[in-house]
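In the two complexes below, subunit A is the common chain; its partner is subunit B in one and subunit C in the other.
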Partner chain A sequence: MSAKLGVYLCTGCTIGESIDAAKLAKVAGSECHAAVCRTHEALCGDEGRKLIAADLAAGTVDTVVVAACSPRFKPEEFNFNHGTVVERVNLREHVAWCHKPQDEDTQMLAEDYLRMGVARALKTEAPKPLEAEVSKSVLVVGGGVTGITAAIEAAEAGYDVFLVEKDDHLGGRAAQLYKADGIQASVAAVLHHPRIQVFTAAQIGKIEGQPGMFDVTLDAAGGPQTVRAGAIVVATGWAPYDASRLAHLGYGSSPKVVTSVEFEQMAAKGAIQAKRVLFVQCAGSRDADHLPYCSSTCCMTTLAQTAYVHEADPEAEAYVIYKDMRTPGQYERVYRETQAHPLNFFTKGEVASVSPGADGRLAVTVNHTLLGETIVLHVDLVVLATGMVPNGMDQILNLTYRQGPELPVLQDGFPDSHFVCFPYETRRTGIYAAGAARAPMDGNQARQDAAGAAMKAIQSVELAARGRAVAPRAGDLSYPSFFLQRCTQCKRCTEECPFGALDEDAKGTPKPNLYRCRRCGICMGACPERIVSFHNYSVEMIASMIKAIEVPEEDEEKPRVLALLCENDAYPALDLAGIERRQYDPSVRVIPLRCLGSLNIVWIADALSRGIDGVILVGCKYGDDYQCHFTKGSELAQKRLENVKETLGRLQLEPERLQLTQLAINEWDKVPALFDDFVNRMRELGPNPYKGF
Partner chain B sequence: MSANSPNPVLIIGGGIAGLTAAVELADTGVEVVLVEKSASLGGRVARLHQYFPKLCPPTCGLEMHYRRVRENAGITVLTLAEVTGVTGSAGDYEVEVRVRPRFVSEACTLCGDCERVCPAERPDEFNYGLGTTKAAYLPHGVAYPAAYAIDRAACPEGCKACEEACKYQAIRLNAQTEVRTVKASAIVAATGWKPYDAAKLEHLGFGQCRNVVTNVMLERMAAADGPTAGRILRPSDGKEPRTVAFVQCAGSRDENHLPYCSAVCCTASLKHAAYIRALYPETAITIFYIDVRTPGRLEEFGAKVQHDADVRMVKGKVARVEENPATGDLLVTAEDVLANRKSTEHFELVVLATGIVPETEGLPAALKPDECGFAGKNGSPGIYAAGCVCRPAEVSATVQDATGTALKALQCANRSVSHVR
Partner chain C sequence: MKDARTVEPDVELIASLMAAGGADLKKCMQCSNCTCVCSLSTPEDDFPRRQILHAQWGLKDRLLTDVSPWLCHYCGDCTEHCPRQANPGEAMMALRRYLTGQYDWTGLSLLMYRSEAWAIGVLLAVSLVVVLLFTVPANFGFGLLSQAGPAARATVMLDKFAPKEIVHIGDTLLASLLGVLLLTNAARMFRIATRDTHIPLGVYLRHLPGFVVQGVTQKRWRECDAGDSFKNWLRHLILVTGYATIFLLVVVFLPWFQVQDHSFHWNSLLGYYASAALLGASAWMIGDRMAQSGEMHRFSQPSDWMFPGLLFVTALTGVLLNVCRLLDQAMPTYVLYVVHLAVAVPMLVVEVPFGKWAHLLYRPLAIYIAAVKKSALQTQ
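Presenting the complex of A and B:
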């Protein structure tokens, strides 16, 4: 294929004053062999765009390179008819706005960026969507308040639902509450909904496949059955923290010490007989030895339960021993009303012990109270406000995935996700956790959460039906292809994919499941044989961009640094530095990557063997508070880099020539010093000895 | 309305709730019209330096959202726009939208020439009044839409400097307000929140004492693109404070002000303590609180900050904040409930943890407020509220709420065309 290349240079926004556009046009013609090269003072305007459109219409051009502002701006303006490859070269934010105008080094930078942009354009093909028959049904796992709500909400939007519950009835923990809030009505609604098929006393034997085509084997009363679902909502709920571990609070040694769950059942049976009830908040929660998190719901539960105490005996007293009362938002009013009851007593304190006292009562010792002293209270009943433990991701989904059968979880047992910005995105595509399985929450919040997860499930099947990726590259049509003839079964790709998209055959050859793929390119980066590529993103493409960089001879004393940037955060940060007109060393050549995890180490070899003096990688923060949109990308890149550094020594190259820096998008002000310092270190190390080879 | 595609869903408010609802719906294949009253999207979160508990920048998630907005042709964004009337019923609303002029067209390239020649200044609302911008201004560095705007109220009479300077003919100083009618299948109101007016808390000295600031102002100071370029400084003399007091529940949990808990201020102040301790390791922090409310998984973050020996927690209400006019220092009188005494201490900076007030301006009449003034979630079968206008909440809970509310709107849209698959 020989592309008819059109290069369009914009001289607006001071680009024309910064660089010599005529010289740049010469590079386009003589070196890049552009069929057409035009210059305009405002390419994004009507007149400028008409220039490009006319060349496309005339057929003199089929591949467009626009050298103007950052691709983050004016995407609509430079979006021509579908399928036309348009590559943007950032001469504004990355050249004109951050480097000395009319300077030899600035000009060299612009020329390199043009060569690199052309190289990229020539390796780009318009992606074609995946096509397959996709089921739009939703599987909901768990028949408690969250699962029931998710099922109804999805069904009401017009989607068929399979609801699976391990017990022989629906309703979960909500149905066991003394004053259950409308749960039976919801159960009835589910049972009668024409779009919902309910499986009780059923478990998932296994789930095979991928979004749009999950084949779910259910082990139910009548024997195993298989259903096909497009997406899954995991609403497996919670269990009370194991109170037997709270021996210091008297649980197990006296029947008069109960959990809040047990107290709820006592209330339902009318079995509360006590003149004085003491509630111990944070029983297990907010405790490094037990649950490090706050269970969020126990304060409100206790407030409701003090009413049960008075309902059973209007003269009975309720004591609440708390660390902090947590009644956020409008719940504060409930707290105030409950506090106002003359027989309710709230005090901040810590329960030191619960032991048998006089008259068959319990003696509760409380330290550090608001009264500033240790007090002993004699009570008839102690209620431990035990916390919520997520009903773990253990033998629930039984996915037949190479990376394991369940959702990957964080340290505290909740599913791994970007829980601040994108709380529903788990590390298994098309599978969304909801309710108390996802984070501690009460029934009200769980209902809303269920609707949110149902929304994501629906979105996932709709995107799959259009052959498009889900978040974070929602709508992306590209997908990886694997040239398996050259696969050496090293398994790096199947191990490293953060989303478990790749299975393996018996020999270890990857079996891609493209509907699970988030299109990050981490598999592409992992592969030593370079057999993974996208239509519009490949090892070869980036390699050709590196090759397009002109490396000056050693005696010119012009170092060259390659900067590989995460396109999601580091690249916009560099744009911001440009918008703020921050100046930095013009020796740096930037290439954006889909994710730093798509870094293939061959690029480093390519760069160093061409005489480039150093390679700096800039990506998202990793570790417990990772910011990588693909969860593991920058961390994987760091590991690969460490491996390369070991081999550098053998090539007589200093490991300092490689560096990975974690940078957040709002740390744009640190970019100039980062680049300047790195280039200066390269100057100190001296030129790459491979220059000129 | 065609037989197969429903009317778009109209979303009021382009903050994190409205933006989330918009992209989630659009990615599902529903058309969306997003109506934002200011000049750019992002709302209150765009003005935060970092989110708790990860201490990660909001811009990171917003950039992903903006990318989805840019690339999804199904989303129409109307900025400087307000809903002025709703008629019709679920599936087939007619919404009147008043679009104020930006005075800058889509031809804007962000070159900045208008700002350079502009002679007039205006208070910088993005920075909560800390500092000024030119009358020709870019709301902020990653603003979406990426275009300048002109605050005509701040322009000198007859000035055309920007119009003459613009090489791209993007400036139209005579542009007029437009009234449009938008068809909608459902409406999601995500009008968000505003900080409680600290001036109403006379005893806490805001507006009278120079070195009493609010939590939202501190957030801007901490940001690299904020008024102090990321340094937290005393307004009176630009000094780095060595002692900082946080006053929790400044307005919240108080029948005379806000009868509810604003839910986020405890974790926000602990986050601010973390900012300050990272910036100035010598600075000591005191937090006056009623209860420390860091629910759920935020507990671990809160505990980590409180573990710092230079972050002191005092359970008790602040009775009074007064200024020493000579030094600008602040005399804080507070109760210390656990020590059972009243304390008076000097601090160099006082931060009021002001609460969340629902922004009900622009809320459709169908959404009746509750007794705390927050919007009820479901007004009528096709009109829903989402986010902080319903209840005070942190970002994650707001995103969750907005996603769930998006489904309500989707149901309504699908029902209107008897969507059958």
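Presenting the complex of A and C:
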């Protein structure tokens, strides 16, 4: 069935003054064979929208191309009945606002964008949502303060909860504190909640399946049993950093050197007997040889524990040696109050050694003190304020995923997939980390964190029930389909999927789990056989857009550059440049990609063989502090590009014709110069010799 | 660790400093705002941050050898800029009180700073001695007066009550005693503060003129750029000229100054100046303390009231005594003479070697010690 194409040109927002709409309409008619082409001065207004709706209602049009502003604006205004394909051509931010008005090159750019938009529209099918039976229950792993709070939050919102705890009681570390903060009330609430089923002394044997249908096998007291959950909150908490690695601070060589966790237990037992207690802050934290990060809770723990020292003996002295006291917000009040005690002594410093001293005491040598010299303190007890190490990254979830049984972690061992934009998201869809397992935090923060993660879990099951994707493409109805007859079992897709969505059969054929999919298209970019495609995003679609670009003859001296932009940061950055009216070379043709990781190298071959002079890719920053929304898409694109550059040589093409640039959205002002420089370099290299072939 | 030093905080020292005005010093987090805003603090003497740290840690040896508290004139800028309300200005004041006690070898100073009862007891005891001196002996005071017959009761005849030769001997003795006490305390301060530094004789001599100039003018105070500092300096200078004048008149020139009858004497003009200066300046200081105007006067310990208070009463009784004398009211003159001395003498005994007044020597001496120490370190 051939599409009945309707092209609608908007001349508002200075588009009409910049380009010749009549000429553009001619392109729509003669070249694109549009059944209908209409021009209006404000398509997004009631009158403009009625124009489109009338054509759709009359049946003269079933595929709509709106040539107006950026697709990032007015999505609701141009959203007609479901099932109607609407393609947007960005004539405002990418043409009218950033190029010379009434100019031949600007007009050519607008016409190319129209051709590309039509090509895309014609390759787009309305997606059909996934429709499987979905469980909306939430599995919470860990019965500490985070897990308990997450369970209550989800249950109170109306979702059934399974709470799994490896110990035989709930409460976690909060219940072991000398002065517990009401955790027992929360434990009781969980135990009596009708929607919460608690499994104590239980472990997870394995988890099969995907969001909406996780089959969880629990090894509990009464033998193994299976429950079905829609989403999982990992609230496995933390463990103190292994103090046996802190021999330089005396741990292990004397029973009078303890960790703050051990000191807390001593306080609970009433076993503190010391005239002088010295606290070492950042013991094994913010230290390249140990934990590189700040655990954010140890300063407050120590401040509380100095009170235990005075409580046990009002004449006892407490010494605190810190790198920095970190007590943000209201916690500063606790610091002030603690500092004011006449028998508390604080100094910045670095503990150099802890060794046996006179009278059975410990001699603690401290360098770089505020006193301006190295000092020695003779004390009865040394407390090491050790940091937090996340629990639960090992033998906890036992996922039956092809990419491994546990949550992948970032550089510091935490499972968050994206610190900046997507807290709680891990690299396993439908599984959310919360509390100290996600990032170091105290009980108060953990309660809030638990609520956040519970909310993400609820979003996940609700979106799964509607057949839609979760963040960052939240609500997306599309999903990849695999034409497996042509699969060569190369396993690139199953290895490269950042979310472990693809399992494998024995031969290596991918077994997609579409509810785990985030719809980034990285599998599509990875596949050398091009068997992966979405209803509205495919290798063929982008290829046809590239083919729609008119490449002028060599003697016209008009270079053409293809720019493949990540939709998440680079494309909106270019929109911002347009909004700020920054001008750049009109030789560039922009195609947005879901993620640079969906780059299929065939597009590069297509572009260069058509005579396009260079291809620039702009994606998110990668590396340890990556900003890629799909964790490693831009990095994968860079690898693929390196492989292509090798083959370019054989085609007598300069590798400089390909470039990948990492860009964050706040660097939008760099885009015009980036494009200008690249086009100028292409001019210097001379035209692509394949022009006209 | 060759330079490592064992630190043993003196917990009692911390408590006594906190009691002597430094109640908030533990709140300091060593940001050094105080030292940065202070126009008198220097890289060599970076007060008050360092002194507060030493006080927080109870480092007695460090505090004892440090003269920096005397280099501070308490403008209060540090306290105003302190983000932790640690009140560094008052902590420095507490240190001056503490140091005064430490310099005094008799131990009386410490007793009087720690206990109001002791301070008042000593004052009253000395007062009593003065009163007894005028009442018990047969040939002095009221004893002498009763021998002189009715004429001396009808008209002012001071040589029939307190013959100036005897009074002169008495006040010379008192001045010598207090002078010796003050000087020995100052010598202790000097020895303690310089014990860790080798200072060549030449350096001492070179800075001696500066010592004299500072002692007379408090010139260094003028370097303080705080708003009130000129007013405070001028008021202080007036007060100093007042009591320097009266000191010279009473101790050195008493035979000229003490007029025997009710006649007016040109020598009295200087006495009038001194009385006006002392009355005015001390009343002004008391007023500021009562109004708590400025950081310097916001916090007052008993010792801060005692000094200007006694000074004011001394000057007032002196003026009243002179008025009665000029009006030829013989008996009131004699009584006021005793009252005047019963206030002035205890004040001098308590304040000069043991109390606040000692700073008249400690402060220029501290400036001198700081200067010679700096010089000595530079030549090394």
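Keep this in mind: the second predicted complex is superposed on the first by the 691 of 693 C-alpha atoms of A that agree within 3 Å, B and C clash if a C-alpha of one lies under 4 Å from a C-alpha of the other, contacts with A are read in each partner's own complex, and residues count from 1 in each chain.
We take it that contacts are C-beta pairs under 8 Å (C-beta built on N, C-alpha and C of every residue); 3 or more make two chains touch, one makes a residue touch a chain.
Bear in mind the structure is a predicted one, so any value in this text is a computation, not a measurement.
With both structures placed on the common chain, the touch criterion links A:378 to subunit C but leaves subunit B unconnected. When subunit B and subunit C are set side by side, the one touching more residues of subunit A is B. Using the contact criterion defined above for the overlaid structures, shared-chain residue A:343 touches subunit C, although it does not reach subunit B.
Legend: residue contacts after superposition of the two complexes on their common chain; A:578 is shown touching neither subunit B nor subunit C. In the superposed pair of complexes, A:435 makes contact with neither subunit B nor subunit C. When both complexes are overlaid on chain A, the residue A:296 reaches subunit B alone and has no touch with subunit C.
In the superposition on chain A, contact of A:117 is made with neither subunit B nor subunit C.
When the two structures are aligned on the shared chain, A:667 is found in touch with subunit B, with no touch to subunit C.
Contact with both subunit B and subunit C is seen for A:370 once the two complexes are overlaid on the shared chain. Touching of subunit A by both subunit B and subunit C, each in its own complex, is seen for residues 325, 336, 348, 370-371.
Of all the residues in subunit A, the ones that touch subunit C in their complex are 317, 325, 336, 339-348, 352, 365, 370-371, 373-378.
By the touch criterion stated above, subunit C contacts subunit A in their complex at residues 1, 3-9, 11, 14-15, 18, 24, 26-27, 29-30, 53-54, 56-57, 59, 84. Note for the complex: subunit A touches subunit B at residues 12-14, 41-42, 44-45, 69, 72-76, 136, 153-154, 156-159, 285-286, 292-296, 322, 324-333, 336, 348, 368, 370-372, 412, 414, 418-424, 439-441, 445, 448-456, 458-459, 462-463, 466, 470-472, 474-475, 568-569, 572, 576, 579-580, 620-621, 625, 627, 629, 664-669. Residues 23-24, 27-29, 49-51, 53-57, 59-61, 63-64, 68, 70-72, 107, 109-111, 141-142, 146, 167-168, 223-225, 229-230, 253, 259-263, 291-300, 303, 315, 337-340, 370-372, 374, 391-393, 395-397, 399-408, 410-411, 414-415, 419-421 of subunit B are the ones that touch subunit A when the two sit in their complex.
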